[in-house]
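One chain, chain A, appears in both complexes that follow, with chain B as partner in the first and chain C in the second.
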Partner chain A sequence: MTERRIPLVLAILAILGFAYMLLPIVVVVLAGLTAGEFLTFPPQGLSLRWVAAFLSSEKYLSSFFFSFKLALMTMIVSTILGTAAALFLSRTNMVGRAAMRAFFLSPVVLPGVVVGFALFAFYISTGIGLSRTIWGLWIGHILYSTPYVIGTVGAALAAYDTSLEEAARSLGASPWRAFRKVTLPNISQGIQAGSIFAFIVSFGQFEVSLFLSSPNSEPLPIAMYNSLRYQFDPSAAAAGIFAITLVIASVLLTNRLVNLRTLLERRQDGS
Partner chain B sequence: MGFVQFKGVTKTFGKSVAVDTMDLDIARGEFFSLLGPSGCGKSTTLRMLAGFVAPSTGSIHVHGRDITRLPPEARDIGIVFQNYAIFPHMTVFDNIAFGLVERGENRADIKRKVDAALDQVGLGGFGERFERQLSGGQKQRVALARVLVIEPEILLLDEPLSALDKKMREEMKFWIKNIQKSVGITTIYVTHDQSEALTMSDRIAVMNQGRILQVGSPVEIYERPNSRFIAEFIGESNLLSGRLTAGGVRVGDTVVPAAQAQGADGAEVALLIRPEQIRLEPVTEGEAPMLTGRVADEVYQGALRRYQVETGGQTVTVEVPNRPDLAQLPPGAEVALYWTPESGVALR
Partner chain C sequence: MSALSTNVFAQARMKWLLVVPLLAFFVVFFVIPVGLLFATSLNPQAIGQVAVTADLTLDNYLRFFSRSNYLLAAGRSVILGVIVAAITVVVAYPMAYVIAKTEHPGRNTFLLILVLAAMQLDMVIRLYGMMVILGDEGLINQMLRGLGLIGAESSVQLMYNFMGVVMGLVQFALPFMILTLVGVIRGIDPSLEEAARSLGASRRRAFLRVTLPMSMPGILSGSLLVFALSISSYIVPALMGGFRVGVLPIHIFQQVAEGARFQFGATIAVILFVLSALAVAIYLRLGRRHSGGLA
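Right after this comes the complex of A and B.
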C-alpha cells in the first residue's frame, strides 16, 4: 500500500464540512440526554430520563414502529417497482425514453409539500377512500422513494455488460433464468443500495406524511413535530436519537454486506 | 444445400440498413469468416444468427429448419463475444458448467465434462478462479470452453482476438483453428482483420455497407478479388489505371496481360498487382519486362526492401525480399518490372 497524503487545506475543509453536517445531530443527541426539564443546549447535566420517557411513551413508541413498518413496506414495493422501471429504461429504445426517465424521477425534484398536497387533494376529490389511511400514506411514500431505487439500479445497469445476459441465453437459459442467474447477481449491489435508500427516505419523510397521515397512525417525524408544537420537551430529541440510530444501523448494515463481499473477492484475488 | 442459410435477409435500424438482402450458404464443418470494415453489417449478421436480433425481412435456416423466430436458447448455437462475457460472479468451473446446468444434466456428468473441457483448452486446475484472476488469453479459452462443452451445432466467434496483444493474437489464431478442426464444428468468424480471415478460414465473405461483395477461399479472395474495394481492403495492392484492350490491359503505352479482362474494348479498369509478386531488375537486353520505370524511393524494412517505382506517371510499390543475391537498386536507377501473367487482375 502506498500512503496517500491529503493536502492540509483540503483536510481542514473536509473536517469543517463534516462538522457543519454532523454538529446538529450531536446537538439533538445531547439535548435528548439532558437531565433538565426543557429542550436546551448545552444540556443541563446528562441523564437517560428522556430516553426512558420516550420508551414509556405509547405515542412515540407506536409512531416509531409505525414508521418502521411503513418504511419496510415502502422499501419492498419501491425496490421491485424501481428495479423494474430501471430495467425497462435501460433496455427500451422507444421514443421519449429520456422524458419518461425524467418523469419517473420527478417526485425527487418536486417540493414534497406539492406532492403531498396533490395526493391529498386527489384522494379527497375522487373519494376513493385513501385519504387519511395507511394505504394512501403508503402510496405517497412509494412515490417518493422509488426514484432513489431507479437511480441506483440505473447506475448499476449502466455499468452492466448486456452481453453477459446474451451469453447466458445462447447457453440455453430462458429470459427469466438468464436474468435471475446472471443479471440480478451483477446488479444486486445497486438494488441493495437502492432499497436501503428507499427505507431511509421513507423513514424520514415529513411533507408527504403531513398531508396523508391520520392522528391514530402518525409516522415518527410527524409525531415529533406535533409534540414540539405544543410542548417543547426533550422527549422529541430522545425520539430523534432512536431515529438516527436506526438510520445509521441500516447504513452500516448495508455497508457491511457490500464490503464483506468485496473483502471476500479481494482475498480470492490474492490467492 | 448449405448447412446454414440466409435467404434474402435484411435488417434495418430505423432508416439505416445494416444488412441488405443477404443470401449466404455455409457448409457443415466449414470455418467461414465474415470480413469487412466496422459498420459493414458483419456483427449484425452474427447477432441475427445467434438470435439476439430478428431480421426485418428474410429467413435463416440451419440444417433445413427455419430458425428465424426461435429464441437464442432454442437454437443450439454457441457464441464467443469480443469481450468474452465471462460471468464475473461465478468461478471458471461454474461458467463452463452453466450451459450443462441449464440443460438439466446431473452433477457427475457436469463435473466430468467441465474438467474435460478445462483440459481441452489447457486450463486444468483453473476451475476455482474468477474472471478477474485471468489474463486475456485465459478468458478467451474459458469463453471457448464454455461454448464447446455444450456441443452446439454452430460456433460463432465475434472478433475474439481483437482484445489481445499482437503476440497472443498470433498464438490464438492457430490455437482456435486447431480446436475447430479437431472438433469439426461449423464456425462463423467475424473479423475486420484480413490476416486473421486469410489464415484461419476455409471460405471468406467480404462485406461492405450491408452487402456481401465476394465469397471465396482465401486464395480466391486475395488473388482474384472481384472489386477494387476488396483488392484494397485485403493485403497491399498496386492499382494501375488503364484501359481494356485485346489481350489485356493497356497501361500507358504498354499492353499487359491480365485475368478477368472481360468487357468492352477501351473500358477504364484498374490493374491489380500485389507488391510481393513483382520482380525488380536492372534494365537488360533479353526477356521483355511487363513495365519499365525508375526507382523513386527505397525503404529498408529488415526482412524486405520496399521500392516505389515510377512508371508512366503512376507509382508502383514493390516488395523485394532482403536477400544478398538480389541486386540493390538505388533511387534514380532505371528498372524493369516482371511478374507472371496470372498475377495481373483487371478490376472495374
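Right after this comes the complex of A and C.
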C-alpha cells in the first residue's frame, strides 16, 4: 500500500542511487575478505588472511588505536562543551542567538583543510608546542565534533518541556537538583547520541588531520590514505571492515537512543 | 523570560557560564587561527616563515589573480562544485522521495540508518571501494575485459581524471543532500498531491506539477550545501584525481607541505574559505525553514 504511492520510475532510480551509495562500502568488505592478492571479478573466495594481516600490522593497528583514543578524548570534551552550549542556546532569547548557533555549527561545512592549516600555522608561530602532537589534533577534532553534539542535544531540548523543571522547582527542589533530577534524565539520551556522533566524526576525520598529523601521531584515515596513494593494500580494507563495523554499531546505538527520524528532520529554528 | 526565571540558570550571569567555555574555545582555536591566516595572506612571500609580520601587501592576491594556473584551479573548483551539486540533486531526489514516503516505521528507520552510516563512514574507506570498482585494474575494467568489450591489455580510464573526481564527490555529498531533501519532501502537505490527483492528474503529472516544484527551496539549499562541501574536499580530488585534477585544496597543501610557502598557501586558503563561507551564508539564509537540523 505504502509502496504503490511511489511512482515506479522514482523507485527504480532510488534503488540505483542506494546501490551507488552503498556498493563501495560492500566492495571494501569483500576486498578485506578476499583470498587473492586483490579483489577480482569474479571473486577468488573468502579468507581471513587480510584481517590477520591487519591485526598483526604495526602500521594500521597502531593508527586504529590512535584514532580510537583520539576519538574518545574528543568525545569527552565535545560532549561537555556542546551540551552546555546547547543548554544555553535553548534558554536564552538574546539577540544573535541564531547567529551564535550558526557560528558553532559552521565548522561542519567550512573547509577542514583550511582550518587544519590555520591551526598548524597557529601552533608553529605561537610556539605552544602543539604542532604534530595528539593534543593539536585533539583541538582540531573538537571543533569538528562539537557541532554534532549541539545539533543532537538541541533537538532533545526542543522536544523537552521546560515546565517540568519549573514544576520541580515550585515543589521546593533546589535549582541544581531540579536540573539534575528532571531535565538531565529527559535529555540524557540526546546527550548520549550526540557523544556517539562526536566519537564517530572524530574517528573518520581526514581533512583537519591532514596538516596536523605526523608519522608518530597518525590517525587511521591518514594512514590508509598514505598507503592508498601508492598501492592497494588489502589489509587497509581489513582495517576498513573494523571501521565499518564501528560506524554501523554506533548508528544502530544512536537509533536506540533517539528517534532518527525526528532528529534528522528537525527544522532549524531560526530565531 | 519570567517563565524561565525559576530554572537553575536563572540569573543571566549563571546562564552565560554554560556557553563561555565553548565560546572561548572557538575564539582561541578557530577565530584567531583563521584570522591569523587572513593576516598571513597579506604578508610578503617568505619561504619557510610562518609568523605574521606587520608588513602588509596584496602581492599574493595579485599573483593568484594573474597566474592562469591558479585562476584555472579556482574555476575548476567552482565548476566541479556546480556539476556535483546538479548530479547529486538528480541522484538524491528519488532516494529522498522514497524515504519520505515510506511510512512503515521499521523500513523508514532502516533506510535512514543506511544513509547515516554512509555519511558517517570515513571518506578514505568509501574511496577505497570506489577505486577498487573504477581503477584501471578495477572491477568494471575486469568485467569489460571478461565480456570481450575491450582488449585484454587495455582499460577504460574511469578515474584519475575529472570524471573520477565528480563520481567521488557525488558519493561524498549524497547523504547530505538526501537528509536535506527528506525533510523538505515530508514537509509538503500530501493533500496537495491528492487534490491534483482527484482533479484528474496522473500520478506522474501530480508529482511533476506539485511535489517537485514545492521541493525547490530544499533543492536549492541542498545544492548550496553540497557546493560548499565539494569545493572544500581534499581527499576526493587527491585519490580519485590522482593529483591530476588541480583544485584549490590540492594547491593549498602543495604550497605549504611541499614548498613551505605559507603566505601564498594562506592566500589560496582564504579564497577557498571565502567561497565556501559565501555558499554557506546563502544556505543559512535560505535554509532556515527548509533544511534538516544537523547541518
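In the analysis below, the second predicted complex is superposed on the first by the 225 of 271 C-alpha atoms of A that agree within 3 Å, B and C clash if a C-alpha of one lies under 4 Å from a C-alpha of the other, contacts with A are read in each partner's own complex, and residues count from 1 in each chain.
Heads up, the rule we're going with is that a contact is a pair of C-beta atoms (placed from the backbone, for glycine too) under 8 Å apart; a residue touches a chain by one contact, two chains touch by 3 or more.
From a predicted model like this one, the values you see are computed outputs, not experimental measurements.
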- Message: On the A-aligned overlay, A:Val201 touches which partner chain: chain B = first, chain C = second, or both, or neither?
- Response: second
- Could you tell me if A:Leu253 is touching chain B, chain C, both of them or neither one (first, second, both, neither)? neither
- Query: So which one touches more of the residues on chain A, chain B or chain C?
  - Reply: C
- Counting only touches as set out at the top, which of chain B and chain C does A:Asp161 meet: first, second, both, neither? first
- Answer with first, second, both or neither: which of chain B and chain C does A:Leu46 touch in the superposed model? neither
- Message: By the touch definition at the top of the document, which applies to A:Arg169: first (chain B), second (chain C), both, or neither?
- Response: both
- Pick one for A:Asn186: touches chain B only (first), chain C only (second), both, or neither. first
- Item | Residues of chain A contacting chain B in one complex and chain C in the other | 163, 166, 169-170, 175, 178, 265, 268
- Can you list the chain A residues touching chain C in their complex? 2-3, 5-7, 9-11, 13-14, 17-18, 20-28, 31, 38-41, 80-82, 84-85, 87-89, 91-93, 98, 100, 102-115, 117-122, 124-125, 139-140, 142-143, 146, 148, 151-152, 154-155, 162-163, 165-166, 169-170, 175-176, 178-179, 183, 197, 200-201, 203-204, 206-207, 210-211, 220-221, 224-225, 228-229, 232, 236-237, 240, 243-244, 247-248, 250-252, 254-255, 260-261, 263-268, 270
- Touch list for chain A against partner chain B, complex: 161, 163-164, 166-175, 177-178, 181-182, 185-186, 265, 268-269
- Note on the structure: So, in the complex, the side of chain B touching chain A is made of residues 50-52, 71-73, 75, 77-79, 81, 83, 85, 87-89, 98-99, 102-103, 130, 132-133, 146-147, 150
- Message: Taking the touch rule as given, give the residues of chain C at its contact with chain A in the complex, in rising order.
- Response: 1, 3-4, 6-10, 15-16, 18-19, 21-23, 25-26, 29-30, 32-34, 36-37, 40, 50-52, 91-92, 94-95, 97-98, 101-105, 108-109, 112-118, 120-133, 135, 137, 139, 142-143, 146, 170-171, 174-175, 179, 182-183, 186-187, 203-204, 207, 225, 228-229, 231-235, 238-239, 249, 252-253, 256-257, 262, 265-266, 269-270, 272-273, 276-277, 280, 283-284, 287-295
